[in-house]
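Next, two complexes with subunit A in common: one pairs it with subunit B, the other with subunit C.
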Partner chain A sequence: MSDSVETAAVAAPAPSLHPGQSGTVVRSTVVRRLLRNPLGIISLAILLAISLLAVLAPVLAPFQENYSNIAKTLAAPDSVNILGTDSAGRDVWSRLLFGAQLTLLSALLCAGVAIAIGLPAGLIAGYYGGKFEAVSNWAVGILMSLPGLIVLLTIRAAFGPSVWISMIAFGILISPSYFRLTRTAVQSVRNELYVDAARVSGLSDLSIIARHIFSVVRAPIIIQTAAIAGVAIAVQSGLEFLGLGDPTKATWGVMLSEGFKNVYLNPTLLFWPAFAMALTIGGLVLLGNAIRDALEDGEKIKHRKKAAKLKGTTAAPAAARLSRKSVAAVDAGTEHHLVKVTNLGVGYPQADGSIKKVVDDVSFHVDRGEILGIVGESGSGKSQTAFSILGLLPDNARIVAGSIQFDGNYTVAPGEERVDQARLSKLRGKRISYIPQEPMSNLDPAFTIGYQLVTPMVRVLGISKEEARKRALKLLTDVGIVNPERTFSAYPHEVSGGMAQRVLIAGAISCEPDLVIADEPTTALDVTVQADVLDLLRELQQRLNIGVILVTHNFGVVADLCDRVAVMQNGRLVEEGPVRDILRNPKERYTRTLLASMLEGKTPMSMLVSSQKEPVA
Partner chain B sequence: MIRFILKRLGSGLVVLFVVSALTFFLLYVSSGSIARNILGDQATAEQVAMKEHELGLDQPLVVRYFSWVADALSGNLGASWFTSEPVANSLATRIPVTMTMVFAAMILIAVCAALIGVIAAVKRGWVDRVVQVGAIIGDSIPGFVIGVILVTILAIQLGLFPATSTISPESGPDAWVYSMSLPVIALLVNGVTGGAQQIRSAVIKQLERDYVRTLRSRGIGEREILFRHVLRSAAPAGLTVLSLQLIGMLGGVVIIEQIFALPGMGPLAVAATGQSDLPVVMGVVMYTVVVVIVVNLLVDILNGWLNPKVRVS
Partner chain C sequence: MSTVEVREIAPLLTVENLIVEYPSKRFRAKPFRALTDINISIGQGETLGLVGESGSGKTTLGRAVLGLAPVTGGKVIFEGRDISHATRKQRRILSRDLQVVFQDPYTSLNPALEIGDILAEPLGVQGMEQAAAKRRVKELLDQVRLPSDAIHRLPREFSGGQRQRVAIARALALSPKLIVCDEPVSALDLSTQARVLDLFLQIQKDTGVSYLFVSHDLDVVRHISHRVAVMYRGEIVEQGPAEVVTRDPEHPYTQRLLLASPVPDPDRQEQRRADRHRLMESQRHQHEQAGAVA
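Now for the complex of A and B:
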């Protein structure tokens, strides 16, 4: 393996920065990331150069914008007119510079007007909601449904040719994009705890908005402004190209139209204004993209679990080729284990070429009829381990070490970098199944529950739809749903969370698997429902004699349900053994700490502590 | 579902009414002495007064608006102040030219953007890189500049295509398609790059949803997950993107028609704007708003059909 592997494995999860509390920290790193990105530097340099040329136009331009030398029309470039002259004998270079001035100023005016309207309206609508929001949403709907150029034609017909009036009008027209962005951002932070805390501590609404909320919308607004300035330049130039601009001003649009009229005589007149436009708008588009990238990189660091897709390395196709050959046999004497994970390591390639390990040297096995609990805090690698067995790791994940075998065959043979989907797709659904954590987001909202139960059975077991339907109704009864017909024909949004989790459990056992992997199956549920679901799981497991891997952060659940338990911390296996031994006599300090942090069996210290929510993994 | 459509239709009519009123007042309040503009500087005060009476400009604005509405409801949008041609007639001859072009471009955009966007989202890697670079280039060059470049290089310099596209469908489908290809290409480049980009992110967003992982865990094949689940969930976002593209195109087509000298809505709108021929401007705005409302209604209906939450309630 050529990639350098970080041996330190993964440290504790990076402290998630609250945007409101650490605005300056976030911003400075974003700026640094932006400047490290070549696209960011290039776009900033282009825009800076064009702005400088525009500002210095009166100094730099050898001629006035409308000075014409009738004796020298459509001239080729020479030492006096470095880019030649147009059909009226005006200097192309000078007009280009003055055009830059007007173009940039009008784009700024447009963006300024749009921000001045959209931002405060979005803040008020997002923060207070109510009637103001309803009315502004309605107005936004109307503004958004009008094509910009048609509106500008109307404005031109009413007010005559003026760059400024048309850009103010376009600013009003495009203000909904700021409005929507601000409103959505404000709504999402309005109910965050730190805003509540600010409110409780007696800060006025105004200073809450200024301090907390503005820091959230700042970056998106800059991205939006880059895009809008580009659109404004395009629209304004289009209007001038049509001959509806101010004829006394030199602009790129006017120059383009002038060039187009003389296209048979001197097509290079077209080139310069088109080039200037493409360069400016391109610079703005690139800047917007670069800022977005810089922000998203920040997100990746904050939420390592949702590590975004990195491009595949060269090793991946090799691993895929390897898998088509016959797979090595598992070690003798281990065939009887339902699942055996040996020295497993899982990592994610980082931008700097190293690999960040999230699972390191993990070994355990599960037999038929046995429930293994994997316990650990969020970020301990327990879910990553579970997804490696299922073959459902994110695309960019790599198996950096070890092997996984299922029922006497390797699913990940030693030395393979990726889980082989061809092998796993024969097992998934049929022999290995999965119960997810969050019931609602794991059902497709567009299909009925019945459809989502029936289809896997038809595909995996090859039975008829009618038979699958009968089995689905039986399964729904088995998992304790009182009115199975009604649930069968319901859409996911029509049932409760507890019901949806029962449906997912029914789905997991529908094809009679040998192994069920349950990833925090009760965390998202109400406490009373939690107990029911655990009882259901145990009952099904005993009846069907299946192996279960139960991923949880809760020792209570482990004590209730599991035969053996594996404790994980920072990607490593800390301790593994029968539940009784580990609960009564934990050898490792970390296990003792975890056990001590449980609330069950303790005297409540005060109301505040006993009503505290469990951390959600 | 029918109630939902009727509600949408009703709100569309409200929008039509509001926009017509706003446009009418905006146009007539601000545009100075209209009769003087039409008659020129040589006209006497009596002639101007007479013209004002003839055009009904001596009546209060509100009265004029409601008489315009009454006429419009009976299909009479007034007549041009300069050519005296009824506005409804001008629109009727020009709308087909513009709308065939817009719809041709729209269908191509929908197909290309969806294909490129979905492939980029599913394949990632170099395909995705190429699409993203293409999107940046497409975003950087305004559609009308693309039109100008196409005409200059392909039509004027190389002579591969006619520079003006005044050929009508009667002169044979081949010649017509041939003459329309440059303007349609000019119209669709921005739409394809912008649309593909947004469809790509909509599909990626769906692919990362939890239920996709659960479907995989149930043994459902990748193809079925993509076509039956992911694309269906990404469709509303894609439809919204495409409807916004179409709305934008109603403006862009004005310039494209001017470049290719097409007898569509564009030249009519530009001439009317330059002369402040207000009845024609009103007519153009009304046609645009009606198209937008119809498109939005269709998108709402399709989304309602795709989303059970809307369908059921």
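Now for the complex of A and C:
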């Protein structure tokens, strides 16, 4: 099966340098993961063994499938008939082998017919949509509403008891499952930019489908086929069990039916075909699951208690700290800082047991009424630093060094491995709040904006709903929303991005926090909206005298708002100081490089950085 | 490469009274008009910067030129031929001269294909031999300064900036005359953006290619463009030489846009902020008096 799929992918009309290479690169890792999964390797082994037995049936079987020895019916196993004989004196082992041949082939036929109909139809319907999709959806609706078993019985009555005909019919009946699967997968990539790029390159639709679209449906089709083949075996055997099969052919279903008739005389006649079916269907289902697991990128990292030991010296104090009930007092002389981060290190355990540090030895502090900008490029660890103050790091993150204190108390004491959620949940939303980057994805589309503002206030401040409502309306006015009543009762999709960000800012200040952490609060907004939001942030910060940590990559935003700046690169703090010093007289080379990348004040059409030796971007 | 020189030659691309409408999903509802009466032209070796906010239709204009958005009215003329309703076959021939670089380098490259295959795709469509295509791919990687071992690697092994280089290399593969660049640096870090902009300028210097450069960032557009067109709500509200439009704009929206972009110095930014507030105030004033919508 996978072979034919592979060749189909290779046979893309557009010539390429290494045809098929692309498929194998992805596949090899999937296959390796499949083979590393015990379920996968067991099910593969079972299916391979059964297929091998089926293929070699003419060699392995001691008798013909219908050779009957009237003198020896319902015999117990002996050296000639190793599994005994049935009521007509036919050898059970031989019939089981020939039955495997027929049963597996007919299941393949069924899946093949279903794929041949469902896959192309699904590809076309998903890619083009329009009339073809409408018509095929209609056809699929009809097919799915047909009572399958009755159709199969009718077909048997009309065309006789042929396994092949009934499996072709069943293939047609079940083809909608492939159609739907394919159509959905295709629709999800139809508008990807690489498909557009291929169109601009002038690729024909056929080439686009073969090259760019088919690869998406390949894996789900393989999984689906495993399941469908199992179902086909079950349905076919079911029909034959009812006595509707072809009695001249040996299949597992026919054997089952035969065994059932003689269940009191020789129960093992029932056992062997049932066992073969259970093994095959089970193998197919498990294989499908294993492939799915292999595709779902399961690079799971085992929970490692020992991880701490890798840090060497810090392990011992960590254990000592964790056993202690109370939190140590902060260093004397630093209590007045609103937030103080000392030598913070954040890391993620890797599959090989090492810890990848994303924040390394970062120290800074923020006072009340002060705005600190953390600037850096993606991957510099600026968001990770902000999240560790909020205690919102992913579960597998570890604080590998340092401490964080908030208003004179540790939230992360020296030597602790994780952020203490109990300590932080008392602060989060009340004294520390957060303004996210993507305003739209941070409002729940199922609730009104008013509800999302009122609920936290009722919980945190313990005020009544009515009071919270009044407060929310006032807050919305404060953040410059012209018609607060209307916004209050609106759903998130009814407001613009800039408006949504104002709502989130209103939410962030609703519980009168001391510290606001804003993670790229204007990056997703238009420039004109950004200017309004920056004005709003400045005005609120001055009025409420709160401390703000502003994470951004934009030096213009820094210049607009911040009092002090910390520049981060690769998890380290390269430079920190008052905003004028950093922006005008940067000391570190990296800060200078970043500032040199700014376009403002540059001669148009001049090279920005290429005078330096060109590194790869 | 002054604009005066450029104007003397017949323009490479002309868009005349272009209208793009998307049919509404609802029955018998009016179609959604994304672009209204667009007129632009781009000469050989020239860059036209297209700036505007999200939803202003700047991306749609680029897509209409490429044949990815439906042209309801008006004309797109490329080298004297009307291509507004070009067939797929005509597009295939056009693709030698007309190419694209998209915004998002993460979805514009097929994650399942190797870089070499991605770059060879447009060459293969034009029927280039495998050996020649292979040589060309090496050349392209060199041109965008990627290591030649990139051929056998997958997009996910590269950073955003490197992926955008691959996308640029793909656009360059057939030595086109015009590249539509749809926010090609918006998803990149500041220093990466600077390097990629350098690359765009270098390529233009070396090959004389023209760009239709779409961006929301006035600074980027000012840096890379000869001429700039400003879009607002599906229309072009202002068009002219880059220096003029981006330093001394006439249209109220462009004026707002210019002063909204913050500068990296606290004192100058404070000045700019004050200027912006004054401008907003006066525009509000005018608006109230005239009742006109800016």
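We adopt the following convention: the second predicted complex is superposed on the first by the 373 of 617 C-alpha atoms of A that agree within 3 Å, B and C clash if a C-alpha of one lies under 4 Å from a C-alpha of the other, contacts with A are read in each partner's own complex, and residues count from 1 in each chain.
As a working rule, contacts are C-beta pairs under 8 Å (C-beta built on N, C-alpha and C of every residue); 3 or more make two chains touch, one makes a residue touch a chain.
What you see is a predicted model, and the numbers here were worked out from it, not measured in a lab.
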| item | value |
| --- | --- |
| Partner chain(s) touched by A:464 [first = subunit B, second = subunit C, both, neither] | neither |
| Residue ranges of subunit A touching subunit C (in the complex, touch as defined) | 14-18, 21-23, 25-26, 192-194, 196-205, 207, 211-212, 215, 377-378, 497, 526-531, 534-535, 553-560, 579-580, 583-584, 593-602, 604-605, 607-610, 614, 616-617 |
| Subunit A-facing residues of subunit C, complex | 1, 53-54, 66-68, 88, 91-95, 98-100, 102-104, 107-110, 112-114, 116-117, 120-122, 124-126, 130, 133-134, 137, 145-147, 151-152, 154, 159-162, 164-165, 167, 170, 188-198, 201-202, 216-220, 222-225, 242-243, 256-257, 259-269, 273, 276 |
| Subunit B residues within the subunit A interface of the complex | 15, 18-19, 23, 26-27, 29-31, 124-125, 136-137, 139-145, 148-149, 151-152, 156-157, 208-211, 213-221, 224, 229, 232-233, 244, 247-252, 254-255, 258-259, 269-270, 272-274, 276-278, 281, 284-285, 288-289, 292-293, 296, 306-309, 312 |
| Parts of subunit A lying in touch with subunit B, wherever the complex brings them together | 141-142, 144-150, 153-159, 230, 233-235, 237-238, 241-244, 256, 260, 263-264, 267, 270, 274, 277-278, 281-282, 285-286, 289, 306, 309, 311-312, 390, 392, 395, 425, 428-430, 432-434, 436, 438, 441-448, 455-456, 459-460, 491, 493-494, 504, 507-508, 511 |
